[in-house]
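As written, the chain order gives the labels A, B and C, with residue 1 at the start of each chain.
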Amino acid sequence: MTPLLAARGVTKAFGATVALDGLDLEVERGEFLVLVGASGCGKSTLLNLFAGFERPTSGEVLFDGERIRDVEPRCGMVFQNYALFEWLTVAENVSFGPRLRGRPDPARVSQLLQLVGVADFARHYPAQLSGGMRQRVALARTLANDPDVLLCDEPFAALDAMTRQVLQQELARIVEEERRTCVFITHSIDEALLLADRVAVLSARPGRVKQTLVNDLPRPRTAEMQLDDAFVARKRAIWASVQEEVLLHRGGDVRC
Amino acid sequence: MRSFPATLTPQRRLRYGIVGVVALLLVWWALTLPVFEEQVTHMERVATGTFDTGRDPRTGEEVRVERFDVVPRVETVRRALVNPPALATPTDTARRAWGLLTADRPNQPSLLAHVGRSTTRILLGFALSALIGVPLGVAMGLFPVLRAMLSPIVSFLRPLPSISWVPLTMIWLGADEKQKVAIVFLGTFSAALIYTVEATLRVHPDLIKAARNLGASENQVLWRVLLPAALPNIVSGLKVVMAIGWTCVISAEIVGSQEGLGALIWTSKETADTAAVFVGMASISVIVLLLDALFGLVERQLLPYLFLRETGR
Amino acid sequence: MRRRTLARALLAACALLPAAVFAACGGDAPQTTPDAGAGAARQRVVYAGSNWFGHAPVWAGIAHGIFEQAGFDVEARAFGSSTDRVTALETGTAQFASVGEVAMLEAMAQDRRGFYWIGNQDIAPGNEGLVAIRILRIEDLRGKRIAVNLNSSVHITLYELLKSKGLSIKTDVKLVHGADRAVVDLVRNGDADAGIIWEPYFSELRQLPGAVLLGRDSDTSIFKRFGTMTGPDMVCASKAWVDEDAQRAKRFFRAYFEAVRWCKEHPEELVQLIAERVGRPQEEVARAMANFVWLDGDYQFVAMSDSMLFAQAEYASQALLEMDLIQTLPDFRAWTRPDVLAR
């Protein structure tokens, strides 16, 4: 079965800086893949390539076997800073995609608002919502376009610990309910283990897939699991791998 | 300083504000109160009964003209700390304000005519600046080549104060309404342009990415995302443009205009009518504040989301 | 430094700063030294005028040492409008000035008492004129726009010229204000159908295409009745300066009218002096000076009397009152000092 997303020998350079070098990665339909790695190792660049915002310097990026040529709406992106449209209400934000095509779908919109838990705030503006609520809206907006893949670039990094935990569980629930494919970037190994079917560790600049681990912890995953031995063992393994890269390439933040 | 910054409740602020204004009015009144007695020596003309003879320069004929002399006459006058024309008394100013409002002097426009004339000029100049500056600014924000080509010219034009445009505009357009509006335009255009360029460049790239990711075409990105996202900063830039425009109008009216608040102030100087100058200046302040408030109202209508606060959890 | 000491130091500095600024700006006032006769240090006197040829006596007096001999150091400054010069006299920025009669009467009507009307030095008719574009008679100016320097002599000239043909300046024409050259620009651009102004802009007006000369100040009833212009330039002095030392004022104005006499007795040299000073060709200056009649000290008694200027001033004041330029008739005799020029 062709993988839904594939990167074959992808190299991406920005001027003299090489972000990714000969990276190979495959994402299966329906799987939740989490990318972890040191800062500056190209995780966001990879996501931008999958979304079609950038094109690889060499190698190819494929969606369902076909080359990704331009911005790919079938790979819906969720941003760290929400990127909500401040001048539109919550409902208008969510229905943005459908309305672009001239086919507003109020039923689907309200269903999505229910799904992410912001139905009561449909007429509010993003400025009136907390960070957690805004990310829910952003998620609903992306889902309204019915993308095949969800690309998440550290979506919960800007939230406090409690909200983060709640949203992790929400996301896990939604992804499972809707049977979506998801590529998720995070710095938090705990988050990775809570959400992922598979974890890919990227090496430091230039980025390559260093290691992939299958995460077979049982679902549904709860916060308490973080204290189990099985969880800790897997965490130790991933952590060691990431630390190696961190120590190899101590450096400042670079466009990743 | 126990706590910084210290603040007051709105009611107390209002009260103290009123106290401040009343205190100023009292100081003004006290300064112009004629409480001092001064001995002033006048030289009074008196006929001497003697005559001068000589030739009339116009006709060359002999003439006889009575000779006058002066005798000092001491008079006690009342003076204030500050006398007209340096400061007009509050009552004179109020009376003059009423006179200007009701146009009590024939052949001289009423205060409202002056206000209307200045306001019309500034609104026209402002509209021209906005209608040309905003679209051009957005284009410059979007196209770096255009930006690179026009930036040096704009940087050169920006520091020029509106009054330095008076000579050129007078040569090109004379001293009519077109010239006054042109001064406002020339003095505000570069500001409108620069603020718009900045507003466009400050739109967060993630918003554009999100829009494209949701399937928006180039056109849709421009009209449905970029412009609405830049609008708050464009509007605040235009508020500044309006303020700049007022200084342009006043300086334009000083040269060659009979109607308008700037003209009122300047011609009042010619007749040492300090009260009218005060009224003119106060009118300028009032109008600017009113237009500002109006602008704020429009802002609240157009951009309600800027004024909301976090309520949802 | 402890905060208290710092605060006190700051307050002291703030208190001294305005004093320092004041002292620095005070340099404009004339430095008057006690008078000890001709051998003493020269008195500094500032004259507020402009570049019009009528100010020539001052230039001549400076150039030929007439003031110097009398013990005065005169500085001639070009200074704004006539009203600005009245203000200069009242505030002490200038000690004597040439003030247009209209501005002078208006200042008197506002009871501005800081100056004296000393005398009048020239009769120079024909230097102001009304020029229209393709309009052949004054009567045809009804309803038209006329560019005029409001509140000046040409304003009265226009009043007179219109009145002579039965037109009212208040209701029958539209006035557009223009300062000096602006009158020419307004007519040239078509913003006015006619313009009235003094030299050298009067000549420029006449050179516009289609220009028709409708009348000069020498055509007015004022000139016919009183033998002088509609709003001659008057010699005025600062009241404070004269009151401080009346003898000094007498000495000074004696010297001044000596300079006027020099102008009268040396017409060719005068033309040369003016041409050099204002940078205009000698022929132009000579033409303008051809009808100048200089009134030196011997004639002031006639000029400043009911038989000439006082009668003219009464008529002019009435005209200004009628035009709503003043609200009350000024008692202009109260501003005169007949003792200063007494022979």
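Everything below uses one rule, namely that contacts are C-beta pairs under 8 Å (C-beta built on N, C-alpha and C of every residue); 3 or more make two chains touch, one makes a residue touch a chain.
Values in this document were obtained by computation on a predicted structure and should not be read as measured data.
Peer 1: Answer with line, ring, star, complete or other to describe the graph linking chains that touch.
Peer 2: Shape of the chain contacts: a line, open at both ends.
Peer 1: What chain sits nearest the middle when you go by CA atom centres?
Peer 2: Closest chain centre to the overall C-alpha centroid: B.
Peer 1: Please identify the chain with the largest separation between its CA centroid and the CA centroid of chain C.
Peer 2: Between chain C and every other chain, the largest centroid distance is to A.
Peer 1: With chain centres taken as the means of their Cα atoms, state the distance from chain A to chain C in Å.
Peer 2: Taking the mean C-alpha position of each chain, the two centres sit 84 Å apart.
Peer 1: Find the geometric centre of each of chain A and chain B from their Cα atoms only, then give the gap between the two centres in Å, rounded to an integer.
Peer 2: From the centre of chain A to the centre of chain B is 55 Å.
Peer 1: Give, as an integer number of Å, the spacing between the C-alpha centres of chain C and chain B.
Peer 2: Taking the mean C-alpha position of each chain, the two centres sit 31 Å apart.
Peer 1: Can you list the residues on chain A that touch chain B in the complex?
Peer 2: Touching chain B: residues 51, 53, 71, 73, 75-77, 79, 81, 83, 85-87, 96-97, 100-101, 121, 124-130, 132-133, 141-142, 145 of chain A.
Peer 1: Can you tell me which positions in chain B touch chain C when the two form their complex?
Peer 2: Residues of chain B touching chain C: 41-45, 52, 54-59, 63, 65-70, 85, 105-108, 170, 173-176, 255-258, 269-272.
Peer 1: Flag every residue of chain B that touches chain A in the complex, lowest number first.
Peer 2: On the chain B side, the touching residues are 204, 206-207, 209-217, 220, 224-225, 228-229, 231, 303-306, 308-313.
Peer 1: Which chain C residues qualify as touching chain B in the complex?
Peer 2: Spelled out, the residues of chain C in touch with chain B are 81, 83, 87, 106-107, 110, 112, 123, 151, 170, 176-179, 182, 185-186, 189, 191, 227-228, 243, 293, 295, 298-299, 301-303, 305, 307-308, 323-324, 333-334, 336-339, 342-343.
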